[in-house]
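The first chain written gets the first letter, and so on, giving A, B, C and D; residue counts start at 1 in each chain.
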Amino acid sequence: MPEMTTGQAIKEALSLCLDSNDTTFIAGEDIGVYGGAFGVTDGLLEKYGHERIKDTPISEDVIAGLAVGAAITGSKPIVEMQFSDFIVNAMDPIVNQAAKLHFMYGGAVNVPMIVRGASGAGTGAAAQHSQSLESWFCHVPGLKVVTPSNPQNAFDLLLASFVDPNPVIFMEHKLIYKLKSEVNLGPMPSDSSELGKSKVIQEGNDITVVSYSNMVNSVISAAKEDSLTDYSIEIIDLLTLAPMDSESVINSVEKTKRLLVCQEAPASSSVGSTLISEVVTSRAFKALNQSPELLAGLHSPMPSAKHLETTVIPQEEDIVQKIKEMIENEQ
Amino acid sequence: MPEMTTGQAIKEALSLCLDSNDTTFIAGEDIGVYGGAFGVTDGLLEKYGHERIKDTPISEDVIAGLAVGAAITGSKPIVEMQFSDFIVNAMDPIVNQAAKLHFMYGGAVNVPMIVRGASGAGTGAAAQHSQSLESWFCHVPGLKVVTPSNPQNAFDLLLASFVDPNPVIFMEHKLIYKLKSEVNLGPMPSDSSELGKSKVIQEGNDITVVSYSNMVNSVISAAKEDSLTDYSIEIIDLLTLAPMDSESVINSVEKTKRLLVCQEAPASSSVGSTLISEVVTSRAFKALNQSPELLAGLHSPMPSAKHLETTVIPQEEDIVQKIKEMIENEQ
Amino acid sequence: MSKENKLELYRMMLLIRLFEEALEEMFSRGLLHGTMHLSIGQEATATGACLALEKKDLITSTHRGHGHCLAKGADPYKMFAELLGREDGYCRGRGGSMHIADLSNGNLGANGIVAGSLTISVGAALSLKMQKIENIVLCFFGDGAVNEGSFHEALNLASLWDLPVLFVCENNQYGMSMASENAVAGGSITQRAESYGIKSVSIDGNDVEEVYETVSKCKEKIKSSGKPMFIESVTYRYRGHSKSDRNLYRTSDEINFWKEEKDPLKRFIGKLTEEKVEIDELKKVEVEVKNLIRESVKKALESPESPKTNLEEDSYA
Amino acid sequence: MSKENKLELYRMMLLIRLFEEALEEMFSRGLLHGTMHLSIGQEATATGACLALEKKDLITSTHRGHGHCLAKGADPYKMFAELLGREDGYCRGRGGSMHIADLSNGNLGANGIVAGSLTISVGAALSLKMQKIENIVLCFFGDGAVNEGSFHEALNLASLWDLPVLFVCENNQYGMSMASENAVAGGSITQRAESYGIKSVSIDGNDVEEVYETVSKCKEKIKSSGKPMFIESVTYRYRGHSKSDRNLYRTSDEINFWKEEKDPLKRFIGKLTEEKVEIDELKKVEVEVKNLIRESVKKALESPESPKTNLEEDSYA
C-alpha cells in the first residue's frame, strides 16, 4: 500500500470520482493551477482540464448554488470552500436549497453533491480562518456531515460521500492534511453505507472516549501517555456526524460506564453536546457510573497567537488529565 | 397596565429605543410604509421618519453588515430579517464580523446591535420560512441569543438587548406575535442584566420542564391538562439562550430529580441537547432519578401541509404524555 | 404566429388567471393553510416565455410561480392538490404554493428565497453544457431579486463561463412594498446586466406576443452563441404581495390604470378580435378552461390527504 | 504639493516596504505563527490614499492591510507586537496580521474575509451621515472582492442612500491565483461600479501622487455631493499571495517588468530627484525609517507575551 498524506489521499479519491463519472466536476477558488490553498487539488487541472477542474471567482454563494443546480440536473458536483469559514457566504444554497429540495419537492429530486472545506485551528490563521462549523450542518435536516481524521478514512469517506444521493458537507481539518500513512486505495464503493458508521480505534473497558476530526489524533496520543498505561481506554472516532452513530457509543458506554467526549468546537449547540444528550437520554444512562464529560473548545473566537490558540483548543495533556480524573474519581 | 399583543409590545420597545438614542435606526425590508411583514414596525415610519426607519432593498448581507459598521462607529442599530430564515444570507457580517470584532481587535471596539427576525413554524409557510435557527448562533462565541415567549418578556428583553454592548440575535416566534396580555411598559433599563436569566414560570417538585420561545406556551398549556393535575410541575422559560442560565436548571433538577426539555428545533446540535449535556455534566447528574428527555422537532424540513407540520413540531399532547410517562415511570 | 399558437397563448393566460382566482376563493373559504403569492396581471410573461420553450428546456421559478408552472405544462389538479396538502400534490403536501417542482416538464421548481434560484439556474446550465444537451435554462426572478448578492454572483459566473441561461426579470415594479426605482441604484436593470457583458433587452411584459417572440429569439441566440442573455419584462401585479398586504405603498389609481389599460388578457383578446378570431372560438377556450379548473378543484378537494409517513426518512434520498 | 508633503509620501511608502520586508525576515526566522499577505509593490495606493485623508476620516481594510494601517498612522511597534502575539500588540495577540484595527487613527480594521469590509464601510458611512460628522469612509478592497455578493449589495445601498464612502479597489490584477480578467465578467470594474450610479475612475495605483490627488478630489466631492465614489487603483503585488504561493499562475517576466518599470518607490524617487530634491534629504528619511523599523522590531521582540486572560470573558464587551 502506498504511503501518502491525507491531502494526497483526498486527491486520489477526487481522481477516482472524476474517473468514475463524466458529469463530475470540481469547482472552487484557486483549485486549478494553484492546486488549492492546501494543495489538495494539485495536478488535477493538468489531468482533467478546465472543463472538469473549474476555478471560480471569489464568490462562495454561486459556487455552492452551482452545485445544487448541477446536482438536480444529473451531475455530481464537488465544490470546495477554501477555508470552511467562508461557507457563511454559501448558507442559502446549502441550507435553504440543497438540504431541503428533496423533501420539499416531495422526493422528486435528489441533490447529490459534496461541499468540501478546510476547517479547524492550529495554524495561527485567527478567528475568521479557524472555525469548526460542522455542528451547524448537523442541525440542518437533509444534510450529511462527514469529518475524516486520517488519510485512509478521508479517502474512504470521500468516496462514500460521492456515491451518496444526498448533499454532504465534508470538513477536512487543516492539521490532518499533512498526516501520513499507508492508504489502501480501494475502488469506488457500490453504496454509501460507510457513512453513519463510527469506528472503534481502540477497545477498552474503563472509559469511552469519543471524538472526531483532528481531535481524534490528540485522543489517540493522549491514551498512549505513560500516566494512562494502566487504564483500558476505548476510543471511538465518530467519522460521520450526521447521521451520528450514537448507537455504537451507547453500547460502548454500557460496557465502560464512563463517557468523555472531546472536540475542538465550542460546546454550545455542538456535536459533543448532542452526543452526550443522546447517550444520557438512552438506556446507557443507567450504566453511567458518573457524570459524562465534554472537553470542548473555549467559547471564544480563535486568537492568532500560538500560546492563546492552544488555550482555546483542548490539548493532549488536557485529555490525559481528564481521563485520569474520571477513572480515578470513582475507583 | 395596557393590554397588547407581543407585536405591539415589541413596537413599544422599539419606540423607546429610538427615543432614548439619536443614533438608533431600524433597517430592514418592508419595515416602513408596509409596517413589517408581521406588522411589528407599523406606524414607526410616521413617527420617526425615513432617517430612522430605513426600508432597504432585498439584500440581507448588507442589512447586517450595515449594522456592524454603524455599531462600531457609535450608533445603535436594530435591523430586521423579515423571516429569520433569510439570515442565511447575512451569516458573514453576523458570524465572522459582529461576533468576532470585539475579541479579534483586542477589545478595541464594541458591536452593540440587534438583529431581530421572525422565526418558527405553524403558519404553513413551509421549509424555507419556518426554521428555528437560534441554535446556530448559540454556537458562535461573541453573540448573545434571546427568544422571548410573550408580550411582557419580549418588551423587557428587547430593551435589555438594546442596552447590551454586544451583538444580540433576537428571535421572535411568529406564533407569539398575536398573543395578548397586559404589559408593564417600564423605562429603559440601566443595564442588560436581564439577559442570561431564565424564569421559573411555575414551581413544582415532580419534574423540571424547560423550554423557550413559543414552545413555552405549549408547555404551560400542557401542564394545565386534567391528566396532569396531580403532579407538581416546575416550568422554566430559558428566555436567553446565550448565555444560557443552566445553573437555574441544575438547581431545579436537584430538587425535582427529573428533566424534560422541549423545543421546536430539531435535536441535533441544538439548544436542548446543550442544556441536557450541561445538566448531566454537572452536579445534578447524581440527582436525576431517571434519564432526562428531549422532546424536539423532527429531523426534517418543515412541510407545508398543516397535518404534516404538526407532526414535525412537538404538540401539547406530546408534552402531556411525556410528562406523564416520566413521572409515572418511577413512582 | 399561427392562430392555433395564439389561441394557445390565450388559453394559457386564461388558465393561469382562473387558476389563481380559484385559489383566492379557496383561501377566502379557509381551505388553504399558509400564504401565497398571486401573479394575476402578470400572465403574459409566464405564458409567452414558457410557451416559447421546448419541453426539455428547463426553468427555475420563484415564490410567485403558479404561472410559470402551469405554462411549463403542469397539471392544475396536481397543483391544487399540493396547495391543499394532498397526496397527489406535486410535492405530496410538503412544498405548498412556494415550492412546486415539475421535473417531467422541465420545471426545476419554485423557490421561496428571493434570488434563490439564480445560482441554481447557473448550475443547471452547466449540467446542460457539460452533458452537451442543446437546451437552455430560463431563470425567472423578480425586480426585487436584482439587489441580492446571489444575482451578482450568478450573472458574473454565467457570463464568464458562457452558460446557456436566459435570465428573465419579471419587473412588476415592486419588491413587496419597495418600488423598484427606490431599490435599484443607477435605475436600470438591463444596464446592470450589461455590466457583466450579458446582452440585455427590456420589453413590455404584458404583451404576450412580444414576450413570446423575444424569448424565442433569445433562445436561438443562446443556443448558437453559447452565451447567457437577459430580459427585463415589465409588468404589474394587481393583488397584494401576499395575503398580509394592505397595498399602502401604491395608489388604487395606479392599480386601476394597469388593470384597465394594460391588462395582458384584455389586450390580447382585443388583438385577437381585431385579427378576426371568432368570439365563439375564444368562448370555447374559456369554457374549456373553466371546466378544467372546476374539475381540478373538485377532484383535488376529494383527493386523499397526504399520509403521515416517516418524515425524517423522507428528508433523505 | 509641497516638498514636505512629497517627502512624507516617500517616507510612508518606504516605511511600508521596510516594515513588510522586516516581517518577511522574521517569518523566515520562524518568529511568526500563521500566514500573512504582503503588499510589497502596492505601497503607492495605501500611501497616497491614506495621506489624502484627515485623521477623522475612516478606513476599512483587508487581509493585505499592513500598508493601509501604517499609512493611516499606526505605530509599527504595536503592529510588530501584534504579529508576535504580544500584549502591546494592537489586538493583544488576538488578531494577528489579518485583523489589526487602530481606532484612534480612524482605521476600523483589517478583515480576513474578502469583501467583508464593504458592507461595514457602508454602515460606518451611515453613522457619519446620521451623526452629521463631515468625514468620509474610505473602503479598501481587492479586485477579487468585486465578484462577491457583498460588493453588489454594498455599492447598491451606498448609492441609494447617498452615503459618504470612497470605494477604493486595489486592482493588483490577481485574486490569489485568478487573473482579474478571468474573474470579472464584462471586463471593467469601473463600469460595474457605474452601473450602480456611482462615479468611477481608474488610475495608476503605482503613482503615489496620482493616487493622492485623486483621493483628495474624491474626498471633497463626496463631502459636497454626499454621494459615494469609486476608484480603481491599478497596481501589482510582487510577493506570492500568501506564504503558500508558488506563483504558478504568472510569469517571472511579468513580475520583473513591474518591479523594474513600475515600482512605486523607484518611480517616485526618480521623480523627486528630477524635481531636484537632494539625495541627502532622501537618505535622511531612509535612515530615519530604517531606525524606526529596527527599533520597533527590537522592542517588540523584547515585549511581554500577551497574558492568558480569561478568553471567554474577553469574547464579550
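Note that contacts are C-beta pairs under 8 Å (C-beta built on N, C-alpha and C of every residue); 3 or more make two chains touch, one makes a residue touch a chain.
What you see is a predicted model; the values in this text were computed from it and never measured.
Chain centres here are means of the Cα atoms, and by that rule the chain farthest away from chain A is C. Separating the CA-averaged centres of chain A and chain C is a span of 40 Å. Centres computed as Cα averages put chain A at a distance of 30 Å from chain B. Measuring from the averaged C-alpha position of chain C to that of chain D gives a distance of 46 Å. In chain D, the residues that reach two or more other chains under the touch definition are 91, 93-95, 99, 111-113, 116, 147-150, 152-153, 156-157, 160, 182-184, 311-312, 314-315.
Residue positions of chain A touching 2 or more other chains, listed in rising order: 57, 59, 61, 85, 89, 92, 96, 103-104, 126-128, 141-142, 298-301, 303. Taken as a contact graph, the chains are fully connected, with every chain touching every other chain. Interface of chain B with chain A (complex): residues 85, 88-89, 91-92, 95-96, 99-100, 103-104, 126-128, 133, 135-136, 138-139, 141-142, 242, 244, 265-274, 276-278, 280-283, 285-286, 288, 290-294, 298-301, 303. Put simply, chain A touches chain C in their complex at residues 22-23, 25, 51, 54, 56-57, 59, 61-62, 64-75, 77, 92-93, 96-97, 101-112, 141-142, 144, 165-166.
For chain C in complex with chain A, the touching residues are 58, 60, 89-95, 99-103, 108-109, 111-113, 116, 118-128, 130-131, 137, 149-150, 152-154, 156-157, 160-161, 311-312, 314-317. Residue ranges on chain A touching chain D, taken from their complex, read 29-30, 32-35, 37-39, 55, 57-61, 85-86, 89, 123-129, 298-301, 303-309, 311-312. For chain C in complex with chain D, the residues that touch the partner chain are 147-153, 155-157, 159-160, 182-188, 191-192, 194-198.
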